[in-house]
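Order of writing sets the labels: A, B, C, D, E and F. Residues in every chain begin at 1.
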Amino acid sequence: MNIQNQYIRNLITKGDRIRGRALDQYRDIVIEKNPIKNAEGSALVKIGKTEVMVGVKLDIGEPFADTPDEGILIAGAEFSPIASPEFELGPPGENAIELARVVDRGIRESKCIDMKKLCIKKGEKVWMVNIDIQPLSHDGNLIDAAGIAAIVALMNARLPKLEDDKVVYGEKTDTTLPVNDIPIPVTVAKINGKLFVDPDLEEEDSIDARLTITTKSNGNVCALQKGRTGSFSFEEIEEAIKISVRKGKEIREIVKSLKT
Amino acid sequence: MSNFKRADGRAADELRPVTMKVGVLKKADGSAMVSLGDTVAVAAVYGPRELYPKHLQNNERAILQCNYTMAPFSTKERVRPGPSRRSVEISKVTREALEPALFLEEFPRSTIDVYVVILQANAGTRTAGINAASLALADAGIPMRGLVTAIAAGKIEDTYVLDLTGDEEEITACDLPIAYIPREKKFTLIQMDGDIPPEDVKNIIKLAVKGCETLHEHQRKALLGKWSKEGS
Amino acid sequence: MNIQNQYIRNLITKGDRIRGRALDQYRDIVIEKNPIKNAEGSALVKIGKTEVMVGVKLDIGEPFADTPDEGILIAGAEFSPIASPEFELGPPGENAIELARVVDRGIRESKCIDMKKLCIKKGEKVWMVNIDIQPLSHDGNLIDAAGIAAIVALMNARLPKLEDDKVVYGEKTDTTLPVNDIPIPVTVAKINGKLFVDPDLEEEDSIDARLTITTKSNGNVCALQKGRTGSFSFEEIEEAIKISVRKGKEIREIVKSLKT
Amino acid sequence: MSNFKRADGRAADELRPVTMKVGVLKKADGSAMVSLGDTVAVAAVYGPRELYPKHLQNNERAILQCNYTMAPFSTKERVRPGPSRRSVEISKVTREALEPALFLEEFPRSTIDVYVVILQANAGTRTAGINAASLALADAGIPMRGLVTAIAAGKIEDTYVLDLTGDEEEITACDLPIAYIPREKKFTLIQMDGDIPPEDVKNIIKLAVKGCETLHEHQRKALLGKWSKEGS
Amino acid sequence: MNIQNQYIRNLITKGDRIRGRALDQYRDIVIEKNPIKNAEGSALVKIGKTEVMVGVKLDIGEPFADTPDEGILIAGAEFSPIASPEFELGPPGENAIELARVVDRGIRESKCIDMKKLCIKKGEKVWMVNIDIQPLSHDGNLIDAAGIAAIVALMNARLPKLEDDKVVYGEKTDTTLPVNDIPIPVTVAKINGKLFVDPDLEEEDSIDARLTITTKSNGNVCALQKGRTGSFSFEEIEEAIKISVRKGKEIREIVKSLKT
Amino acid sequence: MSNFKRADGRAADELRPVTMKVGVLKKADGSAMVSLGDTVAVAAVYGPRELYPKHLQNNERAILQCNYTMAPFSTKERVRPGPSRRSVEISKVTREALEPALFLEEFPRSTIDVYVVILQANAGTRTAGINAASLALADAGIPMRGLVTAIAAGKIEDTYVLDLTGDEEEITACDLPIAYIPREKKFTLIQMDGDIPPEDVKNIIKLAVKGCETLHEHQRKALLGKWSKEGS
């Protein structure tokens, strides 16, 4: 732990943050819909200097044996060094895998996509929904940025054209994906018992632990993920859930306001 | 509360039969076997030992490395050997669940290596693995702030249900595993898949804590058993 | 070669062993049948402090082109560090691969499984028999322990249920695998021209060479594998075969006595 | 020359709309985004920085490392993540296209790392990547003999055509990408797939050079824009 | 750059070469047809001390979706350490990949194989032509040696026997591959503005850049590939093309003279 | 003994036509090519040379590393490039077959690297590879206790048969390859697949030893040929 980390920890302990934000304050959130023409749906989400691009690609595949009448959801993340000098080339490491799986679970467990509507021929052909997460700039809180970008990309995705049950790559129809909720992940960070949202990279390097709570429009929780090597008390978990429901609602409004 | 009856006759807040043993693996510095019903995990601990290559060493503290693996024959459908995205994530959260209990700063430049193998799986493998790993760390004589215990809970119909089986996982409204240090009342792992109101989250966590306290007793007995045997 | 190795070599040269065993004496062999519920068949074999678990899993697959009416046998070994501080994470190394292949050949060449009976639909669907070897404690002579565990697991395996030619995972029938012989591998180790069986780990680290001889009930040899960087004379090979036939018979009796 | 009309209405020797920006990635020492029509490349540069592990260092010069990757969503049919034989080759020719412009001997024992990611692909991704990488190197303040520019050209019917689109690639008699340092009139990348007489090769290269000169102007403006902004 | 490299560069600058060759002179080219019985076609090409073996193996596969009525061409190169102490075990590196891709493009773009004739059943079954490049001795200019060996192997390949649309491995028919041109790659190397062909290994270690130009019988260019970290001027490219057309013709005559 | 006639007209105890050449690969420190009928193996040897990275060095002896590979076009059905479980095992037993013949203790901290490539396969590739590797070691001037020779034998109908072809492998009761140092009368590789009485094992080994003795003569001639050539 270096001097800057210690400084940040002291500040937070007093309820202050390096860039003057309130503990429950996100950096500015900017969302761009469908910046990528070749993706069936895409979104660029900026939270302060953190930027994450998500592209949704659809293809036809065979369903899993235990869900023969449901589409398939697959989320993956590539941590290219373009986004951070800490990222290295090679297969996804544990942080990229965790990020993708937390985003995946938020989407999947919220049941915001009606997977049965993605069945083309039971037991044989279903839509495979690939959610590919590509951070462009890692300045902290990638999970929330990726989660928001994923749901916006899905909401704005249109199915490609089919001919003889084969995808005509590059041709989109007007049919959108059947998305009926907006799950939002809110990551609550902790330093010395103080909870705060949306850590930037310097803060993230200083925290004890984080708890990502994904909530739905009705306030239900659909995914939890604790990270890092600290711990939480029961009261802190309670408080974190409260914060995430509130901030999730705010972010959901931003997402909804885009949908025109 | 509903009239939901568990297929195996357990009460909603009852654990499956628990077996815990330490020192089960001959070649590890510490080891343990934990079974909860049909879920069986073994854990081995090596270290603290010097970390190689040296450029990975941390001059201020030990590194904790964890690996979670399922034996290919542990599940109904065979598991392909080798790491999967699931096993990489569980290895990570296992490490993060154990690390708060350790005094890593006491062993600079060292590594402590924890290996968990699931021999038989009927839900709750990550929590069984954490229970075993925590025991194996104690068995290896590594100083700890407290034992780490872990269990999952959920909600079926209107009933909060402790220690889900594979069949129950199919019908629960959520699957919420925790790791918990009873001595410190601290949560070191919290995950959840599901769709439930915040109030349920809290109640399910409380139920899981009860389970952890029971498991903690089992862990202490397993360690005492070892010690009394060694003393005899 | 360290002092302990030299001590062991001197002892063996005089016909003695560190733990007082006779040269042709195995450590205690303990066999547990079907300890793993989810495996179609399984066995835990302990030889002294060496412990090996083997699980047999059955699935449906396509037959090889050159044997369209035969099932498929596949043996693999995972050397997890739980069994030894010398084992490392990662894909199987040459020792794990050799172990699995020696076990595989012993089973396969003995023809103890009637592979034609594992054909479901010629050229299309056959049973695939996966033999997965998981050492739990490596205190020497893994090959013999794994080979014994493999044949016991096979003898106690029951086919899973089929519905529409698909496996219903987790449901077993009463039909056993068609196993009609009990091949037993016996590894004969050599130090300074002295032959002995069942080296423990310290002995194994001191040997010149080893020869694994797998024999059948009728005394036939069905697999040979020399290992390590020493060599054998013709007379030593003759002697090793004699030992392996005799010890193989003894171990086969132990295996048979389980089958109730 | 034939009456071949381009689907997008461009003249045969006209580039697609060009956008170039530097400093677009927050965490890199230098970065740039280049789009030519629907093809979008971003590049990040790190270094010169000390190379690890040390045994890879060259005591006389810096090492240049380049990596070209397509985002999985950048193409009509999804690209599988991870290196392919195509991306390995493009990474190699990208490095060989950039290296002649650098003074690597000034930075012994160092590495300069260039990462190109294609966000959207409609032909010409390797050349867009080289344009972006060259800008990112300049943005990182790395001294250069000259900016490297790159573009492909081809021949459709009897017309030499600059800056092919994906649809045009289907019908061109050849696809000939070059990288070129205008200040030095040097070619640092030359590739071609096709089937044309030598005379055509030369004419197509000449057309591509014209395109490079225009791109060079765009690059200079992008860098000036940055500098004037920094100065303001 | 060591003293030997500097010596070579000084010589070339004066128009001379270490082994006394003219700038436009290849080392002796020796070609052996079909040395490998199990390959459908094969060739061993020696250029001085450089030796490259190429084997062509044919199999049945599914066509690509966008070319349902065309066979598939795949070229790969394995740089085994037998050919050079600089080669390492492991998956192909960038030099092996580039080599294979340059050879592949020369064949493919020349359209010397009528890929439509390799369609067996449209959209379902086509011939897959595997060109495997195995250098035996790397003494410079592997690309030209591999390219020549590839086209000779293809010209001498015979289709295997089919039964029920399956390959009978090891049985060849009299039907040859439909090859109708002889693309020849000529690599022109450059030192201090001097162009020369067929660098040996010592020369190759000393060059600024190289340009491989593959030409057809009618003099057309079908592939270009610049390599190494130097550059070319326009005039040098012009000159290199001239050289490659001329040398390509000479080498093509050697190849043709084999075809009896 | 039965009236079994071999398809190629050989006597039961007769080798296929043997060709052996040393120094066939230009870039290796030692090399050899061995063909037995349609099976062709080449081997290259590098070393003894210092082993890197240094932490793999053994201060008391050289390390011997062996790698066996089949060229993709060497077999009737194409072999996928890259290591397989079969090739990893053969690499291991090849090393263990050669190492007893070497004085590794004379070259501490070094490595001797042996690479075998099968160019054409018609059974007996591991033994052809060992014969070639042994010659290549001698060609590299590495001191040896004796040349290592290798051959497989089997039993078809009631006949013991030397040097099986691929077709014979389909009908043999066993495939028993050995490696043997004639000068020391030592077996350094023994493997077998099959189902035969112990008496047959012994007889087949004896037949294989006869084959090895013949091969030994071929090896000596190949080396003499080289030396006389060098002396001339």
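Heads up, the rule we're going with is that a residue touches a chain if its C-beta (ideal position, glycine included) is under 8 Å from a C-beta of that chain, and two chains touch if they have at least 3 such contacts.
Predicted model, so just to flag it, every value in this text is computed and none were measured.
K.L.:
Using the touch definition from the top, list the chains contacting both subunit B and subunit F.
P.N.:
C
K.L.:
Spell out the chains that contact subunit A while also contacting subunit B.
P.N.:
Shared contacts of subunit A and subunit B: no chain.
K.L.:
If each step moves to a chain the current one touches, what is the fewest number of steps from subunit B to subunit C?
P.N.:
The fewest steps needed to get from subunit B to subunit C is 1.
K.L.:
Could you give the separation in Å between the centres of subunit A and subunit D, each centre being the mean of its C-alpha atoms?
P.N.:
Each chain reduced to its C-alpha mean, subunit A and subunit D end up 32 Å apart.
K.L.:
So how far apart, in whole Å, are subunit B and subunit D when each is placed at the average of its C-alpha atoms?
P.N.:
Using C-alpha averages as centres, the distance is 51 Å.
K.L.:
Measuring from the mean C-alpha position of subunit C to the mean C-alpha position of subunit D, what distance in angstrom results?
P.N.:
Inter-chain centre distance comes to 58 Å.
K.L.:
Counting in whole Å, what is the centre-to-centre distance of subunit A and subunit C, each centre being its mean C-alpha position?
P.N.:
Each chain's C-alpha centroid was found; their separation is 48 Å.
K.L.:
Give the residues of subunit F touching no fewer than two other chains, as numbers and ranges.
P.N.:
Where subunit F is concerned, no single residue meets two or more other chains.
K.L.:
Residues of subunit A touching 2+ other chains?
P.N.:
92 - these are the residues of subunit A that touch more than one other chain.
K.L.:
Testing understanding: with touching defined as stated, what is the shape of the graph linking the protein chains, line, ring, star, complete or other?
P.N.:
Contact map by chain: ring.
K.L.:
What sequence of chains forms the ring when you start at subunit D and head for subunit E?
P.N.:
D, E, F, C, B, A
K.L.:
Report the residues of subunit B in contact with subunit A in the complex, numbered from low to high.
P.N.:
Going by the criterion above, the answer is residues 85-86, 88-89, 91-93, 95-96, 99-100, 176, 181, 184-198, 201-202, 205-206, 209.
K.L.:
Give every residue of subunit A touching subunit D within the complex, in rising order.
P.N.:
36-39, 42, 49, 51, 53, 55-57, 59, 76, 78, 80-85, 89, 91-92, 130, 132, 134, 136-139, 167, 169-170
K.L.:
In their shared complex, at which residues does subunit F touch subunit E?
P.N.:
The contact residues of subunit F facing subunit E are 25-28, 31, 38, 42-44, 46, 67, 69, 71-78, 81-82, 113, 115, 117, 119-122.
K.L.:
With touch defined as at the start, can you tell me which subunit E residues reach subunit D in the complex?
P.N.:
92, 94, 97-98, 100-101, 105, 108-111, 211, 216, 219-234, 237-238, 241-242, 245
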